[in-house]
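Below you will find the structure I want to go over with you.
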Amino acid sequence: MQIRVRYSETDAMGLLHHSNYLTYFEVGRTELFRAQGGNYRHMEELGLFFVVASINVRFRRPAGYDELLTLDTTVTRQTPARIEHHYELRRGDLVLCEADSVIACVNSDGTPVRIPDDLETLTGGTGEASQD
Amino acid sequence: MQIRVRYSETDAMGLLHHSNYLTYFEVGRTELFRAQGGNYRHMEELGLFFVVASINVRFRRPAGYDELLTLDTTVTRQTPARIEHHYELRRGDLVLCEADSVIACVNSDGTPVRIPDDLETLTGGTGEASQD
Amino acid sequence: MQIRVRYSETDAMGLLHHSNYLTYFEVGRTELFRAQGGNYRHMEELGLFFVVASINVRFRRPAGYDELLTLDTTVTRQTPARIEHHYELRRGDLVLCEADSVIACVNSDGTPVRIPDDLETLTGGTGEASQD
Amino acid sequence: MQIRVRYSETDAMGLLHHSNYLTYFEVGRTELFRAQGGNYRHMEELGLFFVVASINVRFRRPAGYDELLTLDTTVTRQTPARIEHHYELRRGDLVLCEADSVIACVNSDGTPVRIPDDLETLTGGTGEASQD
């Protein structure tokens, strides 16, 4: 998917502020989920939520205002309760940032729950589900 | 109250991005409500929410990274269903921004409801409630 | 133009937080400027900046997570130093929010300057420049 | 240092959105730098910038709206060109989140540069510099 850097997302260095990469990755997960037939909004209406358990981000090169970036989001591993994603953010062929996250499924109390089978199907699990 | 401009709140001009003024004003309303004995989090647990119906902002001078600003939030008018606030953001004596908002009370369906009497008391209504 | 509400842009009510409407309007101005042949990033490289002098927003109905919204941005008035825009944010035919802003052109010192003639041309000024 | 969760920082789950933890950590670094006699704004005026090279965040428990949190920021390692920080965000004694980051010093071209000696002194380097 493609994302254009908004002015409000830059900082005083004139570059994309590093906290906004996490919101891009979240958009990447949402669009990957949608592309696979899932609907995260519907999932929340059922009282199931994905929460980020950990994230590891390597910033390689900066991104500037108004640049049109490409984000690839991939499921790298899936267990009954967790999904691992890998992210690669590029400008053309140049890799700007790579990241890996672990998300867990919880109910409305925040208790970890098994990802329902049909959701497990929806989110792939082959580890090959590419988003572009 | 005092607010220090965060790096993430600046933009490529090196100045506080204008959308963040609205989050400052919201912090101002929360702290005014707290200073008057209210607790907005508790109010939400009762299924009552304040929503912004309109806001009018005049940006006079820019604010820079790491500057320590003073925000005065005042209730200027209150009716059974609406509260009007005035905001003045300053650096020392210099006024950087002035704004006025109208907030309405709604239930969890988004239907406008009368502000409960005790909340009406809590949020003042004299029009003189200054926050500093 | 179309904008999809990001999860990070929602608040505890499950709705688009009101401060994010201002970032949407800014994206609307950028895309309008681009559609008319301008390039705001290039303009900043020339040491010219548009700053928001005032904005007036009326929130009519809430927007929810993942909703695909339509934003129309229009130049309503232009003087040698200022441009006025009108914004209408809709979900389908339903108007969620309307706003009006005044932006001024400044140099890198923040001093108001005349909008250069070619930029004045680029940003339209007929008052009819619709973005969709 | 203490940070109160803003309404605009929550998401539709009613919890602090995970991207905002990174802005908290940045505030933590700024305040640690200030406590040690540094001034990041002044440093930028000299054409020197700290950029985040990598960050690793473990989210243990959620944080809710209006909660008053405690953030401890510590320098864990320092080389001529890089500083490593550790962060612990707590509510009372309960650890909500832990993180580690590597920041690098660059000039205005983005080229990595040696951290000037006096800055090296300012930012400590004993690895014991606690922020609270």
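Labels for the chains are A, B, C and D, by order of writing; each one numbers its residues from 1.
Assume a residue touches a chain if its C-beta (ideal position, glycine included) is under 8 Å from a C-beta of that chain, and two chains touch if they have at least 3 such contacts.
This structure is a prediction, so every number in the text was calculated from the model and none was measured.
Colleague: Taking all residue numbers at the chain A/chain B interface, are over half used by both copies (same) or under half (different)?
Modeller: The interface is built from the same residue numbers on each side, given that over half of them are used by both copies.
Colleague: Which chain has its C-alpha centroid at the greatest distance from the C-alpha centroid of chain C?
Modeller: In terms of C-alpha centroids, the chain at the greatest distance from chain C is D.
Colleague: Whole-Å distance, chain A centre to chain B centre, using C-alpha means?
Modeller: Each chain's C-alpha centroid was found; their separation is 33 Å.
Colleague: Based only on mean CA positions, could you tell me how far chain A sits from chain C in angstrom?
Modeller: About 27 Å, centre to centre.
Colleague: Can you tell me which residues of chain B touch two or more of the remaining chains?
Modeller: Only 7-8, 12-13, 19, 22-23, 26, 44, 65 qualify.
Colleague: Would you pull the chain A residues touching chain C in the complex into a rising list?
Modeller: 6-8, 22-23, 26-27, 30, 39-41, 44, 64-66
Colleague: For the complex, give me every residue of chain B touching chain C.
Modeller: Counting only chain B, the residues touching chain C are 12-13, 18-20, 22-23, 26, 44, 49, 51-59, 62, 110.
Colleague: Could you please specify the touching residues of chain B with respect to chain A in the complex?
Modeller: 7-8, 10-15, 17, 19, 65
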